[in-house]
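Letters A, B, C, D and E mark the chains in the order given here, with residues in each chain numbered from 1 onward.
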Amino acid sequence: MRIGYYPGCSLHATARELDESLRAVASALDLELQELDDWSCCGATSGHATNHLLSLALPARNLALAEAQGHDRVLAPCAACYNRLATARHEIAADAALAARVARVLERPFANRVTVANLVEVLRELGPAITARAGRSLAGLKVACYYGCLLVRPAAVVGFDDPEQPTSMEDVVRAAGATPVAWQMRLECCGGAFSLARTASVVRLGRAILDDARRAGAEALVVACPMCHSNLDFRQSAMLERGEKPLPVLYLSELVGLALGIAPDTLGLQRHFVDARPLAARAAAEVH
Amino acid sequence: MSAPPSEAGSHHPPTLTAHLRATTGVNVAACYQCGKCSAGCPMAVETALRPHDVMRLAASEQRERLLAAESLWLCLTCEACTARCPNGCDPARVIDALREEAAHQAPRAIGAFHRSFLDQIRAFGRSFELGLVMTYKLRSGKLTQDVTTAPGLLGRGKLKLVPHPIAGVSDVRRIFRACEKEEA
Amino acid sequence: MATAAESLTAFEPRITAFVCNWCTYTGADLAGTSRLQMAPNVRIVRLPCTGRIDPLFVIKAFERGADGVIVSGCHPADCHYTAGNYHARRRFAVFRELLDFMGIDTRRVTFSWVSASEGGKWRDVVNETVGRVQALGPFEAYHELAGRQG
Amino acid sequence: MARIGVFVCHCGENIGRTVDCARVADALREHPGVAHSVDYKYMCSDPGQALIKQAIAEKRLDGVVVAACSPHMHEKTFRRACAGADLNPFLCEMANVREHCSWIHEDRARATDKAIDLARTIVEKVKHNRPLQTIRIPVTRRALVIGGGIAGIQAALDIADGGAEVVLVEKEPSIGGHMSQLSETFPTLDCSQCILTPRMVEVYQHPRIKLMAYSEVDAVSGYIGNFTVKIRQKARAVDASTCNGCGACTKACIQRKIPSEFDERLGPRSAIYVPFPQAVPNTPVIDRANCAYFKAKAKGATKAACGKCAEACSRGAIDFDQQDSFVTEKVGAIVVATGFQLYRIGADQPQGLTGYGEYGYGTVPDVIDGLQFERLASASGPTGGKILRPSDGREPKRIVFLQCVGSRDPAKGMAYCSKICCMYVAKHTMLYRHKVHDGQATVFYMDIRAAGKGYDEFTRRAIEEDGARYVRGRVARLYRDGDVIKVHGFDTLSGEPLVLDADMVVLATAMRPQPGIEALAQKLSVSYDQHGFINEAHPKLRPVETNTAGVFVAGACQAPRDIPDSVAMASAAASKILGLFSQAELEREPTVARVDTGLCSGCFHCERVCPYGAVERREIRDRKGNLLKVVAEVNPGVCQGCGTCQATCPSKSVELDGFTDQQIWAEINALAL
Amino acid sequence: MKELQELAARLLTDGSAGVVIGYEEGPRGVRPAFVTRPDDVGRLIFDPRCVHNLATYLSPRRTHLKGLGRPAVVVKGCDARAVAGLLRESQLAREDVLLIAVRCGGVMRHPERHVDLRAETVADRCTSCDVREPHLFDFVVGEAPAAPPVTDRREARIRELEAGSPADRWAFWQEELSRCVRCHACRQACPMCFCERCVADKTQPQWVESSAHPRGVLAFHLTRAMHQAGRCVDCGECERACPADIPLGLLNRKLAHVVAERFGHHPSDDPSVPAPIGSYAQQDGQEFIL
């Protein structure tokens, strides 16, 4: 399988381990990631908070590139980028007048033909391959799948899973041999956008998530969004009471990578703030 | 639908309701104030105006009060409100549109943040560090906050210090100019 | 922007509307009862059902000098006769493509669903069609053809 | 040359203000074939009609065009006036110069021009009108009632009491419908079964009612006064004529844990069962999908796997070999009273909906729906009338009720208001407080819709006397947290977010029509809305008729209805039917299709498009009896006059009287420059 | 050939058929043949020059064949579709005809001008036909043939017209239709045109003018194309019969695309497949309706 790859800005910076682990997993599962040549930023929150047309044109430029480079599907592992690309695609498809305006500012051929996939979606499709190649290294590992806000909402745009009772991340976790726990905060926003600006809000929201996951018996959180990750990993120390044990936060691709027996350093586990290497070590011990 | 010929030429300043309908497609009059949006809003305990309040004030043409509201900037855009609105009203989109409007009307710190983020894209085609540390500082003006964490990020290879423009940066700049012209 | 003088001499298209008795005709009645003002260019021919509307009517209307045609009836699932509108929908989906393929600008033919309670929608359909056909100008191609001696 | 009279009405100022009526009359006077043309202030007044009659006589008119209001308003008036002057009423037509002209235009010159056009068009049409005769059809004085809920019961009893015979068809093993499941009824809190069961027995004993329970309508043909209905009697596997309803079979059954439909899956029943003790008829039925005998047989077993019921039956009434049978009935009128179902989120999704994951129905224990609560509150229910949690049998001390689940929700559910929920939720809070004195009921609502006699007082009583706490706001989500259900809501009146702990949650889910109603509606040729509710012929003036003559509608299959509404509709439908049956013959408009059999090629496109099955095949033979061809023929009693056949016929060999090709062609031609 | 002749002889001998309708050599090329005596079966041939749609002779309006007894008709894929059309529209009872299906690898566009079947000479319709052996038959004869040479001529022409403006298309069709003399050969040759009286011949009212006035010509061809939508079996007889070489196949083919895309309908030799116009689905597209 071959797919266009839109890493997005964060995968070259704060979310390097997502990029690294995804590339490692893809290569192990014969998924060919073809990075879009000359891709640009999707505009993120700043785009759609200030100039609506720009918030569509920036993603559209990348979709047009993908089209020109012969792709019919693009993987955007960052949930925020994914949301922006998918929203742009949806809005442009629904409104011919808007499509014309976007075409006018793009000044390049754009048929809006490329579909956008997210990390969970693609890994779920690879589920059988993951199961086939995963060892039993993650057996018994209990994890809480955290969807956050951008992966499943709004349903009209995203539509790959039920917006209120999604199952796709759990499917992937099971395919990798780990055990998803049943918990309640899977879809509550962690406040990632305010990670630094409103620490109090973020601590309140993050705490509720970590608490619930811990109460459900999870040994780690699994995420598919660089914003969630940086918030819950990088900011976690502020969310803990004195003496509380931190909860490692893994990218879904890292978890799959561990299941496939890929070395923790290749997956970028050393880049985490909450040390995830003990988990990896445990997994490795199970293998041997 | 075009208006009948007799009405052509008459011009009234658009109401906020009409403006929102034109820019977002959302008919704020369709909001029947059930509160399901606010019931699921993660920021409802912190903000003065909850999503259904925003819809209500918009429907009653309270433009000034809305555009001045701090609450607009406390929306996380998590879309829980939109996902659950029984009448398809999309409060998240309305809040976005109001922020866009507010940024136009009164440049404020938060607008400055978005502008600096966008300036990066304009300069390099990409943001070079997810707008995390530096941009938040620009936005908050708290230049010394989180100084301790920057080395942490650096040490983990998570910050790029030297940005490089992408090859098509001039194309991106052109799109910026075109969009600003179109939206003006 | 047309000046007042220009608009006085503006082209006034002739539009023939074939509508069903139960929905569109009644919706047009409601537009009247509600005193909704609209362009006076449309002449309605009342049929019991869109199912009764034959493509031949459209051809004949153009032959006889119409610049535009409206075909309108009940929304899906709302047909007084349960299915006449579904049959009409298929018939006119094909006929429209045929007209297009033979070079008749399909912007001259409006298809719409207007329920008995949609007086406002009927007004919009009328004004929109009149405006659109006005912009296209008289249907000279067809009228010349029709008037030419063979 | 035609001699047509044109009569232009001013309608007081209504037309005269924007249309120059005198000019219209003048212009039409010059039109070929017009023998007389006048304008008058009020054509519909007695003197106005007298003008028409007089002109018909004096000017020997052979056609009349009244340029006035919409034909929907006064066509009957003017046609009757013509008939009064011995002119065939179908030679009279109206040009709509009010609704379609004077009321929608301001420019007097252009409005007048248009009015002239419209009148000319109709004059051209009338030139081709033919005298038509009103169609007379005989009436079978017998009615079919489909559905044995309270609406069907009421309609059947009223018709039968009025002296006509009734066939009552119910698809379930017993009549009674949803009303039999209810505990108490609003706004009086009287016991549902106490007022219903006497009516059920009355149906059973009525000499003029033929009750066919466990039966379904298979096919319908014919038309008003003359329907032929094929009814499938589903095999009960019990011979109703020998069974005495002793109940020994149900006690002997080895399958005892099948979720009871009557108890909304909160209690068990056996495989051979009577839905509830007061069932009518009191004949058991074997649920073949769950019966050990039938299951084994379906798997190919040759030996009887069970037979306990047959062994227990002292009268030998169990008949494992019984098959579905068909009965054909002739009736003159039909009442559709198939009722509703409650929206079971997740279990049966309407097309395109995905349900409400945020409310956890079916996944979070002790989240139930309104009918389930009725069964918990009912003395005949699985808990003997005690309010107990299905999960652990504990008495819930805090119940949260959610209104408008699936209703008033265009985004995910149904756009309409289900009408009864406000009332039954108030009732539930009262029943709950009466049974659990220290229990707290909280209701999340959007608006309290309690329009009805004693209704608002009832909801106020729930709040003021019985301590129900009403919170105005919709709930965002709920989930199980240990032993409690966390309910995330928002009180829009106080402006505060709210997280409540509940022991049980009751969802007032939307009312929907019964599944399969579309198929029934198609058999009956009645139309239904996008939700599947049967459309009435007119929302105000013909509320219990459908657009197919002779088919009536009552109760919640037409829209969400409560018991008083359903009963009122049923009685209204019954009185319509008795009125119909009081006539020796029926009259109908002669707008029907006719086939020119000489030109018909027998391709039967018309037969395929006819929504009423009015097209029949007729063989044409020569004198020696050799088959020459098979042609289409329209049964004028069945044809409703849509004309789809004519538009479909490639050779135009079928004509719709009143809207013939010649008439339409003349109208289009009249619009030429 | 021998197989066909032997079968024909057998059917005529044992009385199961009164006439075998097939092809024979004529003075100006291949022509339809009506063989009633077993001795004459040697006339019967089949090769890529056999373009006629013999199903036309099964129309009940062709009464001159009625006296000859039950016909056995030689049918190619396109002819079998026509037979299915006649069955579907109650013009024929299955037991009243015997169908001798011939395995067909395509026929020539202008058999009178060409000698072999090549991309340049193949009839347009054969390119879009994937029926090498009809499914509707009583007997099948002939060798399994290769698929006909592929050509995109007709589709390319349709695409080219579609790419132009309405005015371009108008000009194109006015030019083409200006040659129409209203001889109605297209109608006579069409196996699916079997009306007792064509609407174009109706006079009260006269929807379609009967003269070759451009007004009537356009009305006629619009009506003819509409009546063929979803019914056309793509046998090409209308275009072949046209003395003015008007490309009627383009119209038929265009509408075949429309019904395929909109209603999923494809011409078939299964008589139980309903025609698309005259049936409907609630979810039919209605993007063109306000």
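Everything that follows uses one rule, which is that a contact is a pair of C-beta atoms (placed from the backbone, for glycine too) under 8 Å apart; a residue touches a chain by one contact, two chains touch by 3 or more.
Quantities reported herein were computed from a predicted structural model and do not represent experimental measurements.
**Q** Among the remaining chains, which ones contact both chain A and chain E?
**A** Where chain A and chain E share a partner, that partner set is D.
**Q** In this assembly, which chains make contact with chain B and also with chain C?
**A** Touches both chain B and chain C: D.
**Q** Can you figure out the chain closest to the middle, judged by Cα centres?
**A** D
**Q** Looking at C-alpha means, what's the farthest chain from chain A?
**A** The chain lying farthest from chain A is E.
**Q** In angstrom, rounded to a whole number, how far apart do the mean CA points of chain A and chain C lie?
**A** That gives a centre separation of 52 Å.
**Q** Which integer distance in Å separates the CA centroid of chain B from that of chain D?
**A** 48
**Q** Using Cα averages as centroids, what's the distance between chain C and chain E in whole Å?
**A** 35
**Q** Please output the residue numbers of chain E that touch at least 2 other chains, ranges allowed.
**A** Residues 199, 207, 277-279 of chain E each touch two or more of the other chains.
**Q** Of all the residues in chain B, which ones touch at least 2 other chains?
**A** Correct list: 80.
**Q** Counting only residues that touch at least two other chains, what does the list for chain D look like?
**A** Those would be 358, 477, 609, 648, 661, 665.
**Q** Could you list, by residue number, the parts of chain A that touch chain B in their complex?
**A** Where chain A meets chain B, its residues are 9-10, 12-16, 38-41, 43-54, 57-58, 61, 95, 101, 104-107, 148-150, 152-155, 163-164, 187-189, 191-198, 201, 205, 226, 230, 234, 270-273.
**Q** Would you pull the chain D residues touching chain C in the complex into a rising list?
**A** 70-72, 96, 98-101, 103-107, 110-111, 113-114, 117-118, 121, 521-522, 525-530, 535, 547, 591, 609, 611-612, 640-644, 646-648, 656, 658-659, 661, 664-665, 667-669, 671-673
**Q** Note which residues of chain A are touching chain D in the complex, please.
**A** Residues in contact with chain D: 155, 162-165, 184.
**Q** Considering the complex alone, what residue numbers of chain D touch chain B?
**A** Contacts found on chain D: 358, 404, 408-413, 446, 472-477, 488-492, 495, 497-498.
**Q** Per the contact definition, I'd like the list of chain C residues that touch chain D in the complex.
**A** 14, 16, 25-26, 28-33, 35-38, 40, 43-49, 51-54, 57, 60-61, 64-66, 76-84, 87-88, 91, 123
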